[in-house]
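First chain A sits with chain B, and in the next complex the same chain sits with chain C.
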Partner chain A sequence: MKVEIKNWHAVAQWRWDTGVSEANGMDDDEGDVCGICRVPYEGCCPACKIPGDDCPLIWGECTHVFHMHCLLKWIGTTASKQQCPMDRRTWGQSVPIFSSNTLSSFCSYC
Partner chain B sequence: MATDALRAQVAAKWQESFSRLNQNEAGIVGLLNFSQAWNIARECMRPRGLDEPDPQTQYDKATFQASFELLNKCRRLPILLETFLDDMRNHFPVIKQEVDQYTLEYQNTLDTTHILNLVFRLLQWYNKWIPRQELGTTLQSAFVLSFQTHMFSILSPAFVRGFQALCASTLPPTDPDAIAPEPNVKMWEAFETLGLLDRYENIIASVGYEHIEAHVIATCSGQWSESMLPELRKWMTDKVVPWMLLMYGRNATTADDAKAMLQNVGSRFDFHMAKTLCDLRTKEIFDIIIDFPDSSGALQDLKECLLRVDQRAALVHTLRKANHKRLLHPGADTRLILSQYVATIKCLRIVDPPGVLLFKVADPIRRYLRERPDTIRCIVSNLVGDDDGGDSLVDESEPIQPLQQSELEDYTDPNWEPEPVDAGPDFRANKPSDVISTLVSIYDSKDLFVKELQVLLAQRLLAITDDNAEKVEKERRNIEILKIRFGEAALQVCEVMLKDMTDSKRIDGHVQSQKTSIIHPTIISKHFWPMLEATEIVMPGQFRALQEEYAKEFSTFKPDKKLRWLPHLGTVHLELHLEDRTIETDVPPLEAAFIELFSEQDVWSMDDLIAKVGSSVDKAAALKALLTWVDMGILKEEGENTFKLLEVAETSTPREARTVSNAAMELPSAPSVQQQQAEQMRVYWKFIEGMLKNLGSLSIDRIQAMLKLAPGYDQTVEQLGIFMEAARQEDLVDVYDGLWKLTPK
Partner chain C sequence: MASISARRLSKELMEIKNDGCPVGINLIKADDFSTWWFTIEVMGESLYQNEQFTLQFRFDPQYPISSPAVQFIVTEGKQAPVHPHVYSNGHICASILGNEWSPVLSVIAVCVTLQSMLASCKEKQRPIDNDRYVKHAPENPKKTRFHYDGECQCYRIIPIQDLTIRFL
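Here is the complex of A and B:
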């Protein structure tokens, strides 16, 4: 017997590729949350309504990941002293470690 | 012994009496005259037999009058009257005999003519015996009183029954075609003369009432389409009023006079008619509501009757009882209960605009609906137009408006009105709000509805298989309408879901343009969709290849994202090439996975199949999937839990290959709100496990207290108890003396 697939209507979820999960076997169902607003990465920051490309993440050199809007707001305050809120190292945006190394579309939202 | 004085006194008395009777005539002439006059008078007034000649023939008027004057002068008239009444009493047995005879005949034949004859016979006796007019009213009224007393004393209960039947026979018939009996004026006059009318007034009235009742029930039962009251009133005027006129308006000379006389009794009859109709409609109210809006006439009647008759409590009672008996039981479909509830709302709003009746009737229904698990789902599916052909609860012509909250009364409103008198203490003056608001207000919060709406929307969106933009558009329109009701913010999540649908299509378009694939996924945003049951199926063979390939393309397009498949959702359109036939079908992924495995190997045991696709698939689901193929004649069960591929169709089971299996038509399952709650609880299992590990055994209150520290924990201690019980059944924990501890691994 030969099975030929004519059409497959599948369902999938998208996840942010935070670089850590699958490699470290940490890919649990809960997903990780933004260290500032405590909302999952796949959710959106408190100011946004639509998740995904409209409320992207930002990757720090210190490997901490936040909702971009949350972090920018934090950096915008004087109290932040331009530091990462998690480890108080000076914040620097890193080029994320993607599983695929194409970076073409990354800059579209910076 | 007697003294002289006494003797003299007696003599004087006697002398005085004597001279009065003797009228100072010489000798005893006066006395003789007196006794003659006495005899004439007595003879005149003696109660006679019907065949005896009247006294007038014996004595002329002058003699008679002279005798009476004489008696009067001697002051003997009272004695005469007494004698007369005594005579009458002595003669009454004759009448009694006749009365008994007539009554007996009536009892034997039940023919009212006997009663009628009896009445006329009595009238004859009465006329025979009644003293002459000129003897004055004292005598006459004494006679009438005495005659009636004797007469009523001999009339038996059987006569009363007969009399009732006789009255009834004079009524206009209920059948409009039959000819009304000629009004028997004489009979009514006889009744009047004999005093039967006054004595039996109740009976006559009850005859009238019964007649009205019979007519109302005959003409109005089940006639709900139009208002019956005007017709009934006309019938009253045409038929019943002339009848009443014979009795109550007999002395009337002019029309106005008659009207005044009938006013009182007429309004009593009208009241009775309204009451009968009201009772009838009250009895029928449940069916009237079912028939709504075809029964609006009956509702109008009921409204008018209720204004006249105070039957509101009875109506509420009857309807509540009917609802309890016919509606609020496990056999009734929730949709049916809802639509009946909506009809009840509409009907009672007609009958009683302030809504007191509705409030009283609706309360048990609402309480019952609250207990039903699928009420919300029913309401929501109705809202999104998901009903399979059922009537929509909502009237489409009704304007869509935001949900109304019950608000505090505005006492500054110049049109403010107090609550109706029979409103209970917990009556809330519900502004006539729309039906949806009322339905939603069954529950305390609208969040439940929004959640259910989300689940339902998810099911429907995922069921859209082909690239059907119109269907998504339709859902979007629905959501837009619902936004008006529930508010923008509440439905934000649905908005994201719809956006995911269009985004998926755009992404798919892009990915396909890079590298065509036959897999067209819907990519969803995890936190904005209801929690979908997570069973991990590892798709075998070419399916896995397809998934990986697509995921790679996706990551190329969106380098910061990756795909995580939900392999148990969606549908696969397959074409199976077997040796002798080709079968095309739509199946859920699990089915597709199994048949893919069969293309590698002809015989599989079920356990092996499950092991191949990942052990999270439970046996029931696997069996169902396999049976789908068995139904299509592609697999065959050989021995227990072993299936074999039929490369060549078995002739013994010539089944037609169905192009679409039922299983494929089913909507992808999304757990209901309750399941989701259990799912949420699972999140806290880690906390519980942790605390039990660190602290040994804990009581449930202690666990609850500690969980309260966890973010977002909102379960009650009862819910926690249920969850712990479930955990115990899974052998995760153990309870001893109210203390929970982990089961040692």
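Here is the complex of A and C:
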């Protein structure tokens, strides 16, 4: 039998590498949402329309992950006392996957 | 465009409708994203057996970045529980509603925390400064700066679920 391919469609899926979801397997959906807005990491924060590089994640030194815009909105309030919403430790940004240039250009939001 | 609070609250409402409320807590009205009402009872042995209270949540468009205004309802024959952290006008002195609020907390987490605050009560009494506070209290309890270890003898109330464990 001879098969001739006339056309094909490539389909791809992406996800942020949060370093935890892979290990947790499929059954943990709680871990895949931003604790502040409860939208999946792969979705975007409520202020954005398009997920992806324009609405990135942010990692804390405490290893907690949020949509960057959600976290910055919280850290920008005096009520936050600059603390991580999860563990109330002083928020410190962990070294991101992005270069610092790229990240600061995202920050035009705040 | 839907506000931040509307999106987040519609998710919380869906969870409540799908999974139900914890035992002793019931949603009675949530027709919009500005005010919700719950009934709250303490299960098992406590000083509040056979008592049911109504809890009101008011949300501003910045919820959950800004905390909800939470109080017991004291109109239409309803009463606030007699408790050292609860004023007779329904205002509650609880740190998680004030300076310990975190946007990862939810409406149900607040209900459960208040339920356990009642459950652990040793003696039914009003805050020491109840009369003075109620006389001058603002309508919205969020405008009060409670001193969580001050005159009303209110101390930190820790949410029943440890935040880091729940969301890690």
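In this text, the second predicted complex is superposed on the first by the 77 of 110 C-alpha atoms of A that agree within 3 Å, B and C clash if a C-alpha of one lies under 4 Å from a C-alpha of the other, contacts with A are read in each partner's own complex, and residues count from 1 in each chain.
Here, a contact is a pair of C-beta atoms (placed from the backbone, for glycine too) under 8 Å apart; a residue touches a chain by one contact, two chains touch by 3 or more.
None of the values given here were measured: they were computed from a predicted structure.
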item	value
Partner chain(s) touched by A:A47 [first = chain B, second = chain C, both, neither]	second
Chain B versus chain C as contact partner of A:C37, first or second or both or neither	second
More chain A residues in contact [chain B versus chain C]	B
Partner chain in contact with A:P85 - chain B first, chain C second, else both or neither	second
First, second, both or neither for A:W74, with chain B first and chain C second	second
Doubly contacted residues of chain A, that is, touched by chain B and again by chain C	30-31, 38
Touching residues on chain A, where the partner in the complex is chain C	30-31, 35-39, 46-47, 64, 70, 73-74, 77, 79, 81, 85-88
Chain A - residues contacting chain B, complex	1-17, 29-31, 38, 40, 42-43, 49-53, 56-57, 96, 98-100, 102-106
Of chain B, residues touching chain A in the complex	462, 465-466, 492, 495-496, 499, 503, 518-528, 532, 534, 542-543, 546-547, 551-552, 554-567, 569-579, 584, 589, 592, 595-596, 598-599, 645, 647, 668, 683, 711
Touch list for chain C against partner chain A, complex	2-4, 7-8, 11-12, 64-67, 99-104, 163-164, 166-168
